[in-house]
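One chain, chain A, links the two complexes that follow: it is found with chain B in the first and with chain C in the second.
Showing the complex of A and B:
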């Protein structure tokens, strides 16, 4: 059984290391292109058919509902001072959830690769500490020696563990789903492969996929807020 | 094509998890990919829709404000007009009362003048009547006396001198003054 992220071709070389075109890259680019194209199309349609009072169920209505839900979510989790990050988290949430769903159409979810989840977690990490330093200034550094200096290593480990736990949680959950479904497809006789795995797809791809996207986003926001506003 | 594609068979085996230089390169590529996707989605879809929503919220708020202001203005105008209307009623009543009083006074005056004039006329007329009556009485007395003298003279003509005659006339006049038959 091979659940690895296959190398399809060599893209280019950096020093003595190859950069391969992997399953992850193919699905990331596919998802990225689809999402970006969809974003442009939806935006064009939205601007063209904009109405002050959209009919319920119309494209505009659905789009506004999505944006408003995200905006309210960001405001309630990040607070009123950081609503500018709403767009970034909208993009991250949509990318993660569509990545997790992409197993349904036969792609290898980009989130089943640590490089994707760690990249997302590092964004959160850098945002957290950048906003912490710029918003809290001296207070930011004081928190590392709170209540006494001896606690500095513990604080440091705590901060470093955040992107690790954030990335491995998403990676592990999605990879687990990929492996279990792969095993199931191998184990089932061909005729049964059409209906039986649906239940597991429902759970691992849709349920766990949405849940993990939500968890990743809300944890990122919580980390950022705790540093940007200080933990009092 | 500038990309050196190699055949699938020639590729080294894939992996689930690996920590090496290749991983760092993959991480870098995915870092760029995720940032590009997130930023494009944000700029192309989220921000414009959010702006429209915010603008609409502002518009609705402004319209509500305007409606409230207009309603307040209407209320004050209504109050003003109502107070003016009340003023007009009292003013109207005042003017009417004044006019009535004026008219009554002028009518009274005219009436009084007329009465006075009529009174004067009547008084003058009755005075005229009275004097005419007196004149007529005196005239009649004189006529009767003359007639009486004429008749008496016929009877006592020769026997009476002028002096006696004038005494007789005076005494007769005195008597006639108290006569009632002419009154």
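Showing the complex of A and C:
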């Protein structure tokens, strides 16, 4: 059976290599468009009817609750100096969680492709070291030779393995769900396909999906904080 | 014997063996979750902090299992050995 990313059409050519329109690209763009449209709609509705003391149960209340929860979460994990990153992590969290849920509507989750998760993990990687260098300056480099110079390779390997484990964890979890559900859909008779996989969708897409989104964001924040503030 | 059949069969065996590595992660995560439950039982007011620490630890323990799973998946669906025949 074939669970790989299907190439739907050729987008453009770079030299001799074709760049294909894949299932992942289609679902990434769909999710991106949906999120942007949602943001525009919420923004326009929210700005039009802004109230200082909104009625209970109104949309503004719900949005303020979401933003405040995320803001508290970011402040408690990242510390007070880095709360400016809250917007980025809110975006990453929402993108990952919607990507993982997108298997429910029949899209191939973009996070079941190593390119997506590696891109997100590399964002974290560069952000970590950029903030580490700008916030800590000399202290940042001292940590690599802590306690003696011989430990330099170990520290370097530890730093390189972080984005790898971060991306492979998300990728493996979601791809595992995709493969298990694909095998089950092929194995079941047609009538049972409407009933039996629901429980597994509940586990692999909703539970594992939201858990992995949470873990990705909280681990990224922990890495960034440990580099930006030093180990003490 | 067809060498392709041999490589494919051995790859399937290897995938099965790679999945054995997942066992350790399962045991480790179960132990961590049990300790987490103990900690919540002893200090119910620290539930939030214990939960987030537990989730981070469990996620890191899971990494090895995910590597095993990836090895199995690569051997089954994107076999690099077939191309070397």
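One rule holds for everything that comes next: the second predicted complex is superposed on the first by the 232 of 232 C-alpha atoms of A that agree within 3 Å, B and C clash if a C-alpha of one lies under 4 Å from a C-alpha of the other, contacts with A are read in each partner's own complex, and residues count from 1 in each chain.
Note that a contact is a pair of C-beta atoms (placed from the backbone, for glycine too) under 8 Å apart; a residue touches a chain by one contact, two chains touch by 3 or more.
Treat the numbers as computed from the prediction; the structure is a model and nothing was measured.
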Combined model on chain A where chain B meets chain C, clash or fit = fit
Comparing chain B and chain C in the superposed model, the one touching more of chain A is B
Name the contact category of A:175: first (chain B only), second (chain C only), both, or neither.
-> both
Should A:215 be classified as contacting the first partner (chain B), the second (chain C), both, or neither?
-> second
Which of the two partners, first being chain B and second being chain C, lies in contact with A:4: first, second, both, or neither?
-> both
State whether A:165 touches chain B only (first), chain C only (second), both chains, or neither.
-> second
Once the two complexes are aligned on their shared chain, state how close chain B comes to chain C by Cα atoms, in whole Å.
-> 7
Following superposition on chain A, which residues of chain A contact chain B and also contact chain C?
-> 2-4, 175
Which part of chain A faces chain C closely enough to touch in the complex?
-> 1-4, 77, 165, 168-169, 171-173, 175-176, 179, 211, 214-215, 218-219, 222
Can you name the residues of chain A that touch chain B in the complex?
-> 2-12, 14-20, 22-25, 28-29, 31-32, 35-36, 39-40, 42-43, 46-47, 50, 52, 63-64, 67-68, 70-71, 86-88, 90-92, 94-95, 110, 113-116, 118-120, 122-123, 175
Interfacial residue positions of chain B with respect to chain A in the complex | 3-6, 8, 11-17, 20-23, 25-27, 29-31, 33-50, 52-53, 56, 59
Residues of chain C touching chain A in their complex?
-> 52, 55-56, 59-60, 62-63, 66-67, 69-70, 73, 77-78
